[in-house]
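Listed next: structures, encoded as structure tokens.
What follows is a pair of complexes built around subunit A, which joins subunit B in one and subunit C in the other.
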Partner chain A sequence: MTFCQIVLRSLQQHRFSSILAIVSMALGVALLVAVYSLKEQTQKTFTQIGLGVDAIVGPKGSPLQIVLNAIYHLEDMPGKIKWTYFKELEKDPLVVEAIPFCVGHSYRGFRVNAIDRRFLTEFEYLPGKRFSFSEPEGGKGRPFNANDEAVAGWVVAKTLALKVGDQFNPVCGVLEGDPVHEKDALGIVGILAPTGTSHDRAIYIPLEAFYTLAGHPPETLAMAEREEYREISGAYLKIKRIRGGALHPGIQGLKFAINQSDRDQLVIPHEVLPRLFDIIGWVDRVLLAIAGFLTVLSALFLFFALTSALRERRRDLALLRSLGASRKTVMGLMLAEAFLISFLGGLLGLLLGHGLIGFGAHLIKAETGVAFSAAYLSRADWFVLPGVLLLGLLAGLVPGIQAYRLGILKNLSPIS
Partner chain B sequence: MRQKFLSLFLIFSFQLFLILPGIFHEPANAGERRGHKAHHGGVLNVIGKELGHIEILVQGNTLEAWFVGGGQDTGRSVPVGAIEIALIVILPDKKQKNLILRADPMKLAGERLGHCSHFIAQAEWLQEVKEFEARGEVVFQGIRQKLVIKYPEGHDPAHKKKGP
Partner chain C sequence: MPIIEIESLELVLESPGEFLKVLDIPHWCVEEGDQIALFGPSGSGKSTFLHALAGILPISKGKLCVCGHSLEGMAEVNRDLFRAEYIGYIFQNFNLLQGFSVIENVLLGMTFSPRKASLKEAEFLLHEVGLSHRLRYYPSQLSFGEQQRVAVARALANQPLLLLADEPTGSLDPVNKKEVLRLIREICHTHGCTLVLVSHEQDVIDLFEKAVPFLTLNQAFQVQAENQK
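Entry: the complex of A and B
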């Protein structure tokens, strides 16, 4: 029998404990891989350049709240800004594009945002990528042109089974029980092709429609006619770039100037979101620690399994030694078993981990509209297998040394 | 001997368990350092006894100055009434140059001439200068204050005395 055949036969003989060791190691590795991959993908998604928004001008208040509302359609906007201030800001040489929007409406759990038409026709949510209505890409119809028209994001259309031509009445508010605009039926004229971003999770109506919806107070209706009275929730800004695509450093000066205002502020999403991850970063650290602990426990289990297997196989190993196998060979048999169990556990864990992500991705996409990929390779994918192999070898070290020191005579002497 | 190996193994495993999360740990963002932050990337020079600061930034032939709050309140602009501020600039070779800071109101901050925190000066010789000291005067928060500017190290005698 060859070396490998002996190792495999030994694993077969102790299949129960071997399988247990492989599965326990796989569970620890799967949890480690899944947590790390979701963490990396979440950070990448929530700080991705693909949001397309370099800065948001909004009312004074929590910058995080403004980012969560303006980009992820969560929370509420803490106030409004004057249209005249927005027009002044639009003239700043650093501002390449400024797209005003108004929030505050909803439909069956999804936000209805009033926004400038340029958002649908010119705004790049990824460098070089604009929203599409093309059918091969999963879209339908066209951008809105009139105040009674609307465009649905892909996730909204799929979840609510909305089609081009359907009509809906927006709710004036975002809470259950808020009043419905009974007299304002808006027609869906377009469905955006999926972008994999939070932009898929909202319905978009013309900015002017916000002011002309029946049921709003006279002051809101006056905003449609008189610019000096008009207010908006905020505006997405695209800022001039310098060599290498970096934001123009003057953005800090622009932010400083706007933040001196009594009622306005400039929020840069890339500055705000990493702070959020710092605050909640302890959650994934705890999960990673638990996953690491599980993996080490499984290595301990492997150690005890190998030690007890050695006790049972003393005579077999002594026989092997008497037939010419060296001390190093019998030690190698123990280490090889440990190595193989760890390798199989690690491999199974990697597959299980990615499978977990694939399963969770469907739920996350349904809830947040954000796409996660089971095929994404995180840092853990590169380190976990070598790490687990090392752990396995360590677990097999003591039994290996014991096998090395095995006495032939003592272990071949008759039992009875 | 066996027990020794077992103990060593357990100790190593426990250490690995402690280290494992750290291996994948990404350091938290440094974020803003505590203390005085120059919001425009310039250097801060204290006015009076920490009444405020003048932040100075030199780029090419342009010197920009912002009057901001004292202490850690350097993110708040403090408009002054001056339309021009005359500075005497002392170069490393002891030569002196005159420099006039002219008000450049930040419209988005609601400023105007006579109520302005941002000043600009331009001079060709600024392109050659790597360090300088400057003196001037300004009415800051109603009190006439001497301006002491040290570029690029900044001027804050109170913090220098306290040390790191």
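Entry: the complex of A and C
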């Protein structure tokens, strides 16, 4: 029999405690892998989407609130900015593209944003990626061309079962109970192919439609007719880039200049988002601590399982010694068992962790529109297996030393 | 060629508070192919003697040469190797690893020997002890007699030069006792293996042409007995 066969046989002999040790280790590892992966993918996804918009010009208020509202369709916009100011800013040599938008409407829980048509046709939500209406990609229809037309994001269309040709009446506001624009029925003319971003979670209507909705007061209607009265919630800006793809350093000067005003501010998502992760970071830390604790606990369980197995196997090990196995060999058997249990636990945990993400990805996508991949390899995937193996070896060290010290005679038949 | 050569062998064990000389054998020699029974009362050090011959216990003084290897001063790891290569050992009880099948128990006897483990050889040995129909059985599924026969097969698995049997029939009924003894002697004869068997049962000792009273060998026990008087 080979060394490995003896190890496998021993594990089989104590299959119940071995399986328990493997499962408990797998659970700890799975949680660790899942939390790490979700954390990294969330940061990556948010940062990527934020990078799609180099900067947002918006009203004074919390920069984080502006980013959350403009890009992630959460929260409210703290105010409005003047259209004339926007037009002036648009001419700045640093501004490559400017997409104005108005927020404040919703439909059955999803935001209805009025936005410049170029958003649907020219805007790159990720480097090199534009919105698509192509059917093979999951889209349908076309961009809006008239004020009574709308385009639905993929998640909205799927969740609300909206089809091209359907009509809806937007709600004036984003809260439950806000008034419905009863006289303003808008027709869906297009459904965006899924982007895996928060853009999938909104309905888009023409910017001009915002001012001409019948339910709005006359002042708003006047904004449609006279540019000097017109206001917008903000605008997405694409900023000139320097070699290497980095934002032009002049953006800081532009930001400083804009932020001098009483009404407006320039927000760079790339700078603001880390603050969001600082705020929600404690959740990750708590989950990681729980996962780490579970893993260490499973190593402790492994230690007790091996110690108890050693107690039962003293005679077996003494017999092996009497057959010529050295002290190092019997110690090696205990360490190899610990190693194998940890390896199987770690491997199962990795698979389980990725399975959890795969399973959760559907729910998260349905809820947030953000796509997570089960195949994503986070930092945890690289360190968790060696870490668990090390833990396992540590757990096996004491039983291993006990096995090393085991006396043959004490554990064999009585001396006559 | 002598398989066992002993000159002034002493073995001292540490017991709480004192050092106890358990073996003191001035001279003993066993020739290759001999079948010897050692007998004597319990506590006379017979098992300890076998352990010393097997290299399980290191000797304290003197010369102990087994299978051409001097065991005095030999490092433990080398004694382990020596045991794996040259010694077969049968215990009275608790012989088999319960989690391993019959064939695996025999294969274990070859595992630590420098010779390559051979499934065919293990099967042949089990055939020799009449257990070729129980290869995949586990010890708990066998009778005591059958278990001891597996132990015989395992003890011979590494093709030892010396087979040490410590009360091999102590737990067996008369029928099985006779059968197992016959088997051990026959197989040792076939394999050219020297046998040293320890027993305190007269009917077992009577079967051997060479039966040595251990008390005549071990002077340590005589001293102890005199001290106790």
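Quick note on the criterion: the second predicted complex is superposed on the first by the 410 of 416 C-alpha atoms of A that agree within 3 Å, B and C clash if a C-alpha of one lies under 4 Å from a C-alpha of the other, contacts with A are read in each partner's own complex, and residues count from 1 in each chain.
Definition applied: contacts are C-beta pairs under 8 Å (C-beta built on N, C-alpha and C of every residue); 3 or more make two chains touch, one makes a residue touch a chain.
Because the structure is predicted, anything quoted here is derived from the model rather than measured.
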Clash or fit, subunit B versus subunit C on superposed subunit A: fit
Which superposed partner A:241 touches (first subunit B, second subunit C, both, neither): neither
First (subunit B), second (subunit C), both or neither touched by A:259: first
Contacts of A:412 with subunit B and subunit C, given as first, second, both or neither: second
Partner chain in contact with A:379 - subunit B first, subunit C second, else both or neither: first
Which superposed partner A:163 touches (first subunit B, second subunit C, both, neither): neither
Partner chain in contact with A:88 - subunit B first, subunit C second, else both or neither: first
Partner chain in contact with A:322 - subunit B first, subunit C second, else both or neither: second
Which partner, subunit B or subunit C, touches more subunit A residues: B
After fitting on chain A: smallest Cα gap, subunit B-subunit C, Å: 19
Complex interface listing, subunit A residues touching subunit B: 36, 85, 88-89, 92, 249, 252-254, 256-262, 274-275, 278, 281, 285, 288-289, 292-293, 295-296, 299-300, 303, 379-380, 383, 387, 391, 394-395, 397-398, 401-402
Parts of subunit C lying in touch with subunit A, wherever the complex brings them together: 42-44, 46-48, 51, 54, 56-57, 76-77, 80-81, 83-85, 87, 89, 91-100, 104, 107-113, 117, 154, 158, 166-167, 198, 200
Subunit A to subunit C touching residues, read off their complex: 1-2, 5-6, 9-10, 12-13, 315-316, 319-329, 408-409, 412-416
Subunit A partner contacts - residues on subunit B that touch it in the complex: 2, 5-6, 9-10, 12-14, 16-17, 20-21, 23-25, 28-29, 31, 39-41, 66, 75-77, 106-111, 117
